[in-house]
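One chain, chain A, links the two complexes that follow: it is found with chain B in the first and with chain C in the second.
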Partner chain A sequence: MTKIFNKLALSTSALLASGSALAATGAVADEFKWMTFAVFGVIIAITMGVTYWAAKHTHTTSEFYAAGRSVSGIQNGWAIAGDYLSAASFLGIAGLISLYGYDGFMYSVGWLVAYITVLLVIAEPCRNIGKYTMGDILAFRNEPKKVKTVAALSTITVSTFYLTAQMVGGGVLIKTLIGIDYETSIVGVGILMLVYVVFGGMKATTWVQIIKAGLLVCASLLLVFFVWMPYGFSLPDYLQAVVGDTKVQAQVAKLLGDKATTMTAAELGQRFLEPGLFLKSPIDQISLGMALVLGTAGMPHILMRFFTVPTAKAARLSVIWAMGIIGGFYVLTLFLGTGAAMLVGPAKIASIDPGGNMAGPLLAQYLGGGADSLLGNFFLAFVAAVAFATIVAVVAGLVLAAASAMAHDIYVGVIRGDHATPQEQVVAARVASVIVGIMAITVGIMAKGQNVAHLVALAFAVAASSNLPAVMLTLYWKKCNTGGIIAGMLIGAITAIALVMISPNMTYPQAVIKAAHKVIDGDPASEAKPAVEAKSGEGFSCELFATCKKAEPAKAAEDAKPAKPGTREKLVTLQAKLDAATDEADKKKVQADLDKVKKAHDKAEGDLKKFDGQTTSMVGLEKPFFLLKNPGLISIPLGFLAVIIGSLLYRDQRAEDMWDELYVRQNTGINAEAASAH
Partner chain B sequence: MPLSKTHQEYWNKNLRMTAALLLIWFLATFPVIWFVRDLNTLSFLGFPLGFYMAAQGSLIIYVVVVWFYARYMHKLDKKYGVAEE
Partner chain C sequence: MSKPSMNWAAIDADPRFQALHRKKTTFLWGLMFISTVYYFLLPIGAAYYQDLFKIKVWGVVNVGILFALSEFIVAWAIAFIYSKKANAEFDAMAQEIINDAHKMGA
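Now for the complex of A and B:
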């Protein structure tokens, strides 16, 4: 075992080293790349050491899935924080704040607000009833084989969606940061994560999460210290500086467009602290918010963390620590986001990555002394390495959750009818991890260049509409039974997925073709338009489905606009300009403009070619039928309803009889370790 | 295992506290975001209040809510003798 482990570790580091040869362009300059790899190397070496140690102590099923229930509350708290602070929340939120001010905070509040529901409603009872998986919780008072199959299916669906998003996001991020090839990054992340999970199980995964969370907090504290220090650690002074910063004001003016012309500089700065720069449709936001808040409690890799602690008290303690760490980190993002906006500037951040993900890394580089300094690049390398560790750690947690559903619920629970030796169980778990890991790598490579952002929202929507109703009602409703669980989980998951298939998240060829034509040919001149009054819609359902008239806000009068040239015309004029330019600096500038326009032109041409002749989306729609980006608003209530109706129709005396036992167990946790599928 | 009266009492207390804390949770989230423009006219620590709540205030309240729940439940576990050691 140890031998194979060593070999794998070696090939992983070789793989990462070969990445440097493939390096193209990234945020880190070429001459400082070695530093990034050195920091990467140190972090990988530490986690490998931990995995080696964990592998020696991982022999039984309980050790593999639940770290032998030996994780203390504080350790589990750090590990939960590690699981939760994915790259999206670590780099993404700071980026959104730097670009959009107030609206960026909606994400941090949204992520954290969810945790309260996890603790108050789900964490403790799950710890007391479950053994290793969500299937175990549901099997307590229902028919084990049936509910375990459905629970495993749902777990694997949710994990795959989230995993794909993490893999693709991670590949892109590593490429942007240090310029390693997309495919190489994905394979590197995949193999590293597999080594942690297969050899070290939950113990190694937990410690990788803890290390990563620790690094993340250290990096943030360091950056905040340097950002805030010049203001003598005074909050009002700092905020005054943000509001008064010309780069921030310019960004607000750009976002507001025509509306900004009548505003003073001070008003523009103040506007950065108000909502509406990024989020537009309130109903869509409520739907997304519901999915995030309720989905977190149904995420299998989060639920699984509560099985690793020895007592209910430790479960509670771990949530306090997790909340403290995550909350503390988000409180710091105020400085990271606004600091990046003020010191680096929104325009520069968006020029490297339009989503703002580079705000944190660029801020680190600036604080260390800029792009040409050694310290600045060391800071950047450190933040990049933390981002890398983040991706690997989150992916490892997800793979473990999916693998345990496959091995523990389906193979051991359903196929073997709960009769498997501990040895067989551990082997099954390891094989399942390898299968899931290879699948994640393949899907990650296949999904290159796809927009996967909606997959995260979809993962949360399925978790909220399928897992949460089933888990919650089996814990809190006496009449809940097998029929309800199966109906609820299937209907919740299918509705969520189906609604996304007909939502604006899909690609609609007609719209893409129209946009591409607009890029190439430009806008024709338009005449002055009179102001349009707000139109009232024909009811609430019209805001959700494209069946009737949607309410529209009032539009201000528009002046006549001259025609805007498209890229085709621009290419010609710029080429002429380039030929005419004599000054070297001028030439360079025109050339840069020309490259930019050419890129846009090529992309539009590519889109036209790709969608040539197609008129409908994957499911045969010309335009979205469901108007919200997130299905939560409809699919979550439907999931709950289906559990209730299914339970009432099915009737199962045993499920009701088991209620009393569950009721006691739920709040006392007596016999948690002895619990098994009844 | 039959359900004793103490268990019932313990569970009811737990549910009542959960409900109360969820109410605070809701108040610290929804109205604060909905009425942010009105709250921004007030000032807190030199910040517009609405902005401060989203940036730090609500987050701090959440952490306090969780801490309070854990403390309360720990005491309740001891009182009803269901604490695990």
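Now for the complex of A and C:
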């Protein structure tokens, strides 16, 4: 085993080394790339060492899936934080704040509040009842084969959505940061993660999460210290500087468009700290909030973490620590985001990545002394390496969760009827990990260039509509049974997925073609328009489905506007300007503008070609039928309802008879799976 | 790994277990209710009470920012209150039941 492990480790480092040869462009300048790779190398070496140690202690099923239940509460708290603070929250939220101010910060709150549900209703009962998977909890007083099949299906679905988003996001991120080829980074992340999971099981995965969470918190603390120190750590003084910054004011003016013309600079800056620059639909916001607050508690890779601690008390302690770390981290992102907006500038952040993902790394570079300094690039290299570690760690946790559903629930539970030898179980777990890992790499490469941002929200929505109602009701409602769980999980998951398929998240060719034409041909001149009063809609359901009239907000009066030129016209004028320019500096500036316009033009042309002749989305719609981006508002209540109705129709005396045992055990921990002796 | 079989119905019927069950249920779902309501006040306030959120109270710091920060404080406070209560009360009550569990209904 150790021999194979060494070989694999060697080939991984070789692969990563070859990545440096492929490096082309990226946020890190070429002459400083060696630093990024050096930091990568150190992190990989440490985690490989941990995996080597963990592999020596991973022989039984309990050790592979649950680290022998020997993880302490505090360790598990750090590991949960490591699992949860994905690249999306580490880079994404700081980016949202840097571009949209208050709304970005507001968005981060739901991610912490989610842990209240985990703490109060999920963590301790799951520790007391569970063994290795969500399927074990659901099978406690129900028909194991049926329930485990549905639970495994749901686990694999949720994990795959989340995994795809992480893989694609990670590939793009590594390319933007250091310029490594997309496919190479996906394969690199995949192989590295597989080494952790296959050899070290849950023990290695846990420690990789802990190391990564530690690095992430240290890096953020350091950056916030430098950002906030000049203001004597005073919140009002610091935010005063943010709103007084011209780059921030320019960004607000850009976001508000015509409305900004009557505002003073101070008003524009202050607007950055007020809601409404990014999030428009409050109902959508509430729907997303529901998916977050209930979905986290249904995430298989989070549930699984509670099987790794020795007692319910340790499970409780781990959530408390996780909440401290995660919440503290999101408070830090307020400073990272606003700091990046003030020091680097939203325009520059968005020019490298439109989603704002580069806010944190660029802030690091600025604080170290800028793009040409050694320290600045060391900071950037460090943050880039942490981002890389983040992706690998989150993916490892997800693969382990999906593999456990496949091996423990499906193979051992359903196919072998729980009659597999311990040896066979461990082999099955490792084989399943390899299968899921290869699947993750394949899906990651296939989904290149796709818009996957909504997949994270979809994963949470499915977890909240399918997993959570089933787990919660089997734990707290006596009459819950097999029929209810199957009905609830299927209806919850299918509704969530179906609603997303007909929602604004999908690509609608007509809208894309219209937007592309607008880019190329520009806006025609428009006459002055009078103010329009707000119109009330025809009822609440009209806000959700495109069947009747939606409420419309009031519109301010508009002045007459001259025509705006499109890229086609701009290209001609800029080219003429370039030919006329004599000064070198002027020429450079015009050339840069020209390149920018050309890029936009090419993208629009590309879109036109790509969607030429298409009029409907993947499911045959011309425009969204479901008007929210997140389906939670409908699919979560439906999931709960389906469990209740299914249970009442199915009737199972055995499930009711076993209620006493389940309820006593979840509250007292009598007969809970013990920690393995070491 | 044989586990002693228990008379679960007897434990469930035990007054001490019933007391634990009642206390825990009210406490947990009460906290859950408070945290949910408090959380959804944020998106609702940001959407429908923007004028309130825009009031500056501490330099440029406005009600909206303080309210968002208070969400963190409330979440931590709920976690802290729950763990205090569970460590001090629920665990001890459960331990008593565990100690006598094998005798119940025998």
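Just so we're on the same page, the second predicted complex is superposed on the first by the 673 of 678 C-alpha atoms of A that agree within 3 Å, B and C clash if a C-alpha of one lies under 4 Å from a C-alpha of the other, contacts with A are read in each partner's own complex, and residues count from 1 in each chain.
One rule holds for everything that comes next: a residue touches a chain if its C-beta (ideal position, glycine included) is under 8 Å from a C-beta of that chain, and two chains touch if they have at least 3 such contacts.
Quick caveat: nothing in here was measured; it's all calculated off a predicted structure.
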{"item": "Combined model on chain A where chain B meets chain C, clash or fit", "value": "clash"}
{"item": "Touched partner set for A:576, first chain B, second chain C, both or neither", "value": "neither"}
{"item": "Set intersection of chain A contacts, chain C complex versus chain B complex", "value": "102, 105-106, 109, 112-113, 115-117, 119-121, 235-237, 239-240, 270, 273-275, 313, 316-317, 319-320, 323-324, 327, 330-331, 660-661, 663-665, 667-670"}
{"item": "Residues on chain C engaged by chain A in the complex (per definition of touch)", "value": "3-4, 6, 8-9, 11-12, 17, 20-21, 24, 28, 31-32, 35-36, 39-40, 42-44, 46-48, 50, 53-54, 56, 58-62, 64-65, 68-69, 71-72, 75-76, 78-80, 82-83, 86-87, 91, 94, 97-98, 101"}
{"item": "Residues of chain A touching chain C in the complex", "value": "102-103, 105-106, 109-110, 112-113, 115-117, 119-121, 235-237, 239-240, 243, 270, 273-276, 279, 282, 285-286, 289, 293, 313, 316-317, 319-320, 323-324, 327, 330-331, 660-661, 663-665, 667-671"}
{"item": "Complex contact set, residues of chain A against chain B", "value": "102, 105-106, 108-109, 112-113, 115-117, 119-121, 124, 235-237, 239-240, 270, 273-275, 310-313, 316-317, 319-320, 323-324, 327, 330-331, 334, 660-661, 663-665, 667-670"}
{"item": "Chain A contact footprint on chain B (complex, rising order)", "value": "1-3, 7, 10-11, 14, 18, 21-22, 25, 29, 33, 36-37, 40, 45-48, 50-51, 54-56, 58-60, 62-63, 65-67, 69-70, 73-74, 77, 82-85"}
